[in-house]
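Some structures to go through are shown next.
Heads up, the next two complexes both have subunit A, just with different partners, subunit B and then subunit C.
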Partner chain A sequence: MSAANSPEGMSPSDASSWTLRTRKFVERNVPMDHLLPQRQPYYVGSWVYVFGVITIAALIWVVVSGVVLSFMGPQWWHASSVGRFFNGLHFWSVQLFFIFMVLHLWGQYFMAGWRDGRAATWMIGVVIFAASILTAFTGYLSQQNFDSQFIAINAKDAMNAGGIGAFFNVLNFGQMYGLHVMLLPIVVTFLVVAHIVMVRARGVVKPIDAEGGTRS
Partner chain B sequence: MDTPTSYLHWGFILISVPNLIVIGGMIVLFAIALVAPFPHSQGGEDVRRK
Partner chain C sequence: MRSMGATQEEYYRGVRMVPYDLVKELALALAGLGLVMIVAAAFLSSPDVGPVTIAAWAQGDPVDFVTTATGELAGSTTSAGYGAPYNTNADGQSWGPIAPQKWFGARIPVDSANAFVIQPLQRAAVGNADLGAAIGQWKGASADQQAKWLDAYGKALPSATVSDGKVTVATGDYGPLPVMMSNLLGVAQAGGLDGLLVINDRFYQTDYTQPLLFMGDGGYLAGLADQAHLTGSQWGMMNETGSYPGQTWLWLYTLWYQVPPFTSDTGFLGLNASNADLGVIILMTVLTVALALVPFIPILRDIPRWVPIHRLIWRRYYATGRPVTRT
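And then the complex of A and B:
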């Protein structure tokens, strides 16, 4: 029997191939019609489901404006009118990101979005929320103005009291800026992509009916 | 812009007016999202409401 005709479609040598196993796993768990569906269930027709999409849109603006700011530097974003515009764009898109992330959280909490095997999706959302707070915090410390100095001086005591001051030094601009523009955005973006793929893999959670069960 | 904002103090609750406005606006937006009609496209759904 050829490998293509075997029950699993794999020969013993194929079974040791991690690329084949990964491809099979992706095909099984995230088929393309789940990843890019052209139709949605009727219950997705509510503005509550739009909060998550707006959060993603705000995140894209955060990343785009942040890339521009990191290219041009603090003198530009503080002194030039275009720089101040991008500084404001970065700040306000972060505000929208957090506002709509919390609205998305409220919506998912009240519809118990962790049901039917979606616990990991919910927990990744929790981690995204925590990582986003850390990213925003390092961003406030990276402003290069009196506000960031005030925040750093006041926050250092909390960090030291928490026992992490030696590793996470809020007075160290280089460390805070490096975390803000490199490590943490990668973490948040990777987790958001994982979150979206997991939502698409299982679909949107069904509403809870009047009896407290799940609608079929 | 350079003056400190005003705070509301009620028992153990202490909140700035701007923060209160943002939170109130979020609650209003959430309530509107629950009740506002959503435009349904023709044939764009898997299951029709019975």
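And then the complex of A and C:
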């Protein structure tokens, strides 16, 4: 650790504390005024910047409606008008989530948002996109209706041809439902949080060919 | 180590900063989306066409059901000759030395003839002497004799008639097959086969591999899917029943199934219709990795600079002569 970063006025036991080092690392790299800034560069004035926030809002609705559905069980929404309503919220929030995520992706592409050291942020964004597709896919397989049946029968051939089907059995409702309500949402949420923290830590990229910006 | 926090301070040095309320923006987005979703959920609801049961199949198209069950015994159905992960009766798809379907073997073993026909019949034979005798005759026959019965019965089925839900074929030497199939059809029409195919000696069930494979072997469910525009050749992977949007984000994945070489018998570089699933999986994996690596791929990373969409996004910046200094 450099002298500038060394904790001052600490006992030797403090200096060797993993907890303290972690806290200092977070404070250095993601200070609160970067995580929740009240000011932005003046060029952050396009609607394109709103797509990311709307995607996050849609994800929150996806999770909230999904929690209600998972709490009531996978068959509730087929037999209850309230359940059908919450499934409608889940269905449309997923559609909106993908619409705005794709708009965000295209926006970031044409802004070359990976410039000036932001390549990892872009790459995690692509992983989020792929993980979201997998999460939605397991959701479609978990609907317990005609769509689920035919999607499973149709999709198994691609999964099996790729060798994935030996471990990811789309005909096994229990496996798909478990992945959909537990593991994959955790993965997507964790990656989205990491993506947001990386965006906030580095700040918004400058316009292309701006003074002080690099070319790639 | 140089912290990202310090980097941001340096990065924005000299750039005019203006008030921007991120939390308020998120709150407004949550409220606005919530309103749209509540209206959509209340007035448009969501797609929910009920599942097809084996009972519905056996009642709706008894000849297709019996034909499929006969095919299971003959080993001529899709599942019976599938290969991994269900059995070893085929090599599965491959592209040159790339054969992931075969690499992992039969990890989800399914014996179609036994699982879909013989075992359910054995359970149904309790208290049914005629059925018990028919199963005994079938199991006691040689493989050649079974093949002759199956061949004759299979040829008679296309001309079968249906009366009161029962399938009748022309008189012939079919051995015990008519008794076995009429009983299987009866059990299926009563809903018994829906349960028998998932019990596996357990009480709680969440695995529908067997009934879905069995229904997939028949033509009834596929016919309904075709009517709903859900099949692969109809861009079905991104469709949904009714007029609802489906998994539209799978459009590129679905696209490849509509174009050569994945629709061609001859294909290109060994990729064709017979290994289309593997080819499309490989292609989409490569494209996804390429998307992730765009920042490092020349031309792809330069397109945004060449296409002036960024001039629309940052039009105020470019219109004002790129002012970056604080005012």
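Some notes on this structure:
The working rule: the second predicted complex is superposed on the first by the 193 of 216 C-alpha atoms of A that agree within 3 Å, B and C clash if a C-alpha of one lies under 4 Å from a C-alpha of the other, contacts with A are read in each partner's own complex, and residues count from 1 in each chain.
Everything that follows uses one rule, which is that a residue touches a chain if its C-beta (ideal position, glycine included) is under 8 Å from a C-beta of that chain, and two chains touch if they have at least 3 such contacts.
Here the structure is a predicted model, which means the values were calculated and not measured.
In the superposition on chain A, contact of A:157 is made with subunit C only, not with subunit B.
Once chain A of one complex is fitted onto chain A of the other, the partner contacts of A:103 are limited to subunit B, with no touch recorded for subunit C. In the overlay built on the shared chain, the residue A:30 is in contact with subunit C alone; subunit B does not reach it. When the shared chain is aligned, subunit B and subunit C each come close enough to touch A:50. In the superposition on chain A, A:177 makes contact with subunit C only, while subunit B stays out of contact range. If you count the residues of subunit A touched by subunit B and by subunit C, you find the higher number for C.
When the two structures are aligned on the shared chain, A:190 is found in touch with neither subunit B nor subunit C.
When both complexes are overlaid on chain A, the residue A:167 reaches subunit C alone and has no touch with subunit B.
Judged by the touch definition given at the top, the superposed model places A:117 against subunit C, while subunit B stays out of reach. Residues 38-42, 44-46, 48, 50, 102, 107 of subunit A are contacted both by subunit B in one complex and by subunit C in the other. On subunit B, the positions that touch subunit A within their shared complex are 22, 26, 29-30, 32-34, 36, 38, 40, 44-49. Those residues of subunit A that touch subunit B in the shared complex are 38-42, 44-48, 50-51, 99, 102-103, 106-107.
Of all residues in subunit A, those touching subunit C in their complex are 1-2, 5, 28-31, 34, 36-46, 48, 50, 53-54, 56-58, 60-61, 77-78, 84-93, 95-96, 98, 102, 107, 109-112, 114-119, 122-123, 126-127, 129-130, 133, 136-137, 140, 143-158, 160-167, 169, 171-175, 177, 201-203, 206-212, 215-216. Subunit C contributes residues 1, 3-8, 11-23, 25-26, 29-30, 32-34, 36-38, 40-42, 44-52, 82, 84-85, 92-93, 100-101, 103-105, 107-108, 206-209, 212-213, 215-216, 221, 224-225, 228, 230-232, 236-237, 240-241, 244-250, 275, 277-278, 280-282, 288, 291-296, 301, 304-305, 307, 309-310, 313-314, 316-318, 322, 324 to its touches with subunit A in the complex.
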